[in-house]
Amino acid sequence: MLKVERLVVEHGAIRAIDGISFEVATGSLAAVIGSNGAGKTTLLRTLSGLKESKLGKVWWNGREITGMKPEDLVRRGISHVSEGKSVIPELTVKENLALGGLWRANKSELAESIEEVVTLFPRLGERMSQRADTLSGGERQMLAIGRALVSKPSLLLLDEPSLGLAPLVVEQIFATVSMLCRERGITIVLVEQNAMGALSIADKGIIINLGVIVAQGDAKELIDDPALRSAYLGY
Amino acid sequence: MLKRKSKHGGEHAKATKPANHRNPIRRRIFFFIALGWFLLLLGDRVDELRVYQGALIAIYALAIGSLILLTGYSGQISLGHGAFMAIGAYAAALTQINFAPPLIVTFIVAVLVAALSGALLGGGASRLSGPYLAGTTLALALGLPTLANQFAFLGGETGLSFDVGFPPERFGLDFTLYKWFFWIAGLATLIMLWVIQNILKSRYGRAWKAGRSNPAAASLVGLNVGRRKVLAFTVSAGVAGLAGALLGMIAIVSPSAFPLSLSFAILTGAVLAGLTSLAGTIIGGLVLVIIPDIAETISYNLGDSEAVVANLPGLITSVLLILAVILTPNGPAEQWHHHKEAKKKKELAKGH
Amino acid sequence: MQQIINTILIGISIGSIYSLMALALVLVWRSTRVVNFGQAGQAIVSTYIAWEVLNRSGSYFLAFVFAVAIGGVLGGLIESGLMRTLFKHASEGPIAAVAPVIVTLGLLGVIRAVVGLIWTNEGKSFASPVETSSFVIGDTAIPFSRLNLLIVVTAAIVMIIFSIVFQKTNLGLALRAAAYNPEIARLSGIRVSQTRTIGWVFAGAAGGVAGILVTSNDTLTPNSLDTLLVFAFTAAVIGGLESLVGAVVGGLVLGIGLSFILIYLGTSLVFPTAFIVLVLVLLIRPAGIFGVKGARSA
């Protein structure tokens, strides 16, 4: 279980996150919704260790992980796919995927993991030796997710995977994300501006505005709540 | 629901600050006048060496000031300001030797020639930053003096020297040549520092600062960052040229007078002064002149070996440079400021 | 015609040294976004120590090993000691842009002064391990000696080793990833601060090789590697600071070009020419031959 308690994160003099607490049950999918600048990305960056929090604590599976660095968190099974299709354009597809497993001592496992990801994303398999900057937007997103999967995470943090992608591709991405949770049991925290899409595959929804949680609860209930619908879902 | 911390709560107390930055200039003027009087009163009981060093301090302070303008304000780094000094010195020497105009004209020529070369370099450099600029100015510093060996009229290795004539008779016989040098250098430095101060406070200075911290935003607001960078380089080079001309006045103008270590020394002085603090230039100049002195004393006590004499000043300067950058990155004045701020914060926190 | 071939040969020999040093600069640049002007200082230390070893043991090979080892160790120490402290303390304010440059320069000054204090500023002669007389083919003497051959071959071997490590090994991949995008590298579990140090170790080793090769059969003084530093920087810029291949090509191009100037126009124009080349490249094609446009602002 992921447990966040009274998290406070500052950007200079501004509190980007001002006291957030929530829990995500193991093996479930939580969608974090909010408009631009609400603090969603900051939340993920703090969870994955890229940013230090000022106050508050975070636990994963009973162990406290507050303030741990990303490199160490990866070894604990936490992978973060940062916003903007986080791949390294100058490296090939295969190299990008391999990044996720370099930290492991056992190199044969690395080859195995890459194979698994390729099975999941066949399009990547076709382009293994191409440079990542020759890929389309959707393919890059798959590559980024693929790299995170190579690390064999138990908790996956996804930052706006649908951003800038065509609707058909977005559907595929959401379907894949949902599958990763349902079939592989990976706990997922999905940050999205595409509220409808995210909530429809999630178990739990967390709505953030200006650094605080405005509402949280069962995803289906949130979708059906008329007040929230008009505020955040646009209808 | 956004909470802003009251980090700047103490800001109100500082509203009266603007008056303060006129004071360092005033203080400096008094300092110089007092020093001058003191020297005059002591007459020939003051070691000529100290007067000479006084002139040197002024010259270094001026050179440091020029670098502060460039690096501290427009954020461009120059490892080669010694080259601009050399250009100014050679220009002054050539003018004085060939045309013998009034001294002030010679200096003006030096400033203009150096400023022109600054404009040339700045024009090319405006698209460079960081290490590219550093490397280019480094190459300039190393390469320019060797040009003197190429062309005979530049005097080759032995160099040129020029004469500024003797001090006017009305100052009396006690007023030696070095005192004359000191007054010229000191006056020139004061005037230029005052000019620099005003430039930095003008909209050019503010534009430079904006361009330095956020060039993208600055250009969006319509500030032509590139052109202003060139302007900064031009002015900075001109001032350095004056410092070089003054140096040429009291010493000889040759390639060996402007080695790479001169450029480094000025950079060290600028960092020590605090990259944006003009008030620190005098301190910077002082330190630069004192170091060789100290080094000599130390090496004398250590048995006076040639290796020590040659290398100790460089060692001290370089160590100082590294320490200054790490410990007081924005100058001792800023560091002191931070220290006081931190203390104040602790007090306030306790009060809660 | 013969003259031209000779000039090119000399150029290749000089150029390989530039390439090695340029390689060191690019390595550090790529892994830490810093141009290490202190590289010349590190190389001087390793060369002086190699000189001591050579004098005491008579074995050039041993001296070479020491040069590489000391260069590498020094590089690693400086990164983990000095540079990390620097990033902690001086990452804001006007100093941030120039702090790394200034510190590496200060380092150069410190090292040079210490070296001068220990070994004095007098020139030391550094023996060459192999024949330094020109090769003779038929009855023409080519101004290319066994020493030049050794230099070219050694430099080539070093570069091949580096490219294998960088392109084919996992370590190399980690190094490249950390250099291109430290954030993604960290998120992938790569310990970026370690890879940085390793980058500096490699660079230091390369610099050590360059230092000992260029000083062989020449005089060693605390300042003798200064011009090499400037030429290496120029070579790196020509090739594009981002590219290891570029560093190599840039070095050779510069070496051959300067060789022509040297033979046909005389020594005193060499330095100014290098400077003009540097400025021209930066003005006309700032990204260098192999660089990517837009990579010019640090």
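A, B and C are the chain letters, set down in written order, and residue numbers restart from 1 in every chain.
Here, a contact is a pair of C-beta atoms (placed from the backbone, for glycine too) under 8 Å apart; a residue touches a chain by one contact, two chains touch by 3 or more.
Just so it is clear, the structure is predicted and the values come from calculations on it, not from any experiment.
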Note = Farthest CA centroid from chain C: chain A
Task = Could you name the chain whose Cα mean is nearest to the mean of all protein Cα atoms here?
result = C
Task = Measure off the straight-line distance from the CA centroid of chain A to the CA centroid of chain C, and report it in whole Å.
result = 42
Ask   = Cα centroid separation between chain B and chain C, in whole Å?
value = 32
Task = Provide the C-alpha centroid distance between chain A and chain B, rounded to the nearest whole angstrom.
result = 52
Touching residues on chain A, where the partner in the complex is chain C = 48, 50, 69-71, 74-75, 79-82, 86-88, 90-91, 95, 98-100, 102-103, 107, 147-148, 151
Request  = Within their complex, state which residues of chain C touch chain A.
outcome  = 170, 173-174, 176-177, 180-181, 183-192
Inquiry  = Under the stated contact criterion, what part of chain B meets chain C in this complex?
reply    = 71-73, 75, 77, 79, 124, 127-132, 134-136, 138-140, 142-143, 146-147, 149-150, 212, 260-261, 264, 267-268, 271, 275-276, 306-308, 310-312, 314-315, 317-319, 321-322, 325-327, 329-330, 334
Query = Hey, which residues of chain C end up touching chain B in the complex?
reply = 29, 34-35, 37, 82, 85-86, 89-90, 93-99, 101-103, 105-110, 112-114, 116-117, 119-121, 222, 226-227, 230, 233-234, 237, 241, 268-269, 271-272, 274-275, 278-279, 282-283, 286, 296-298
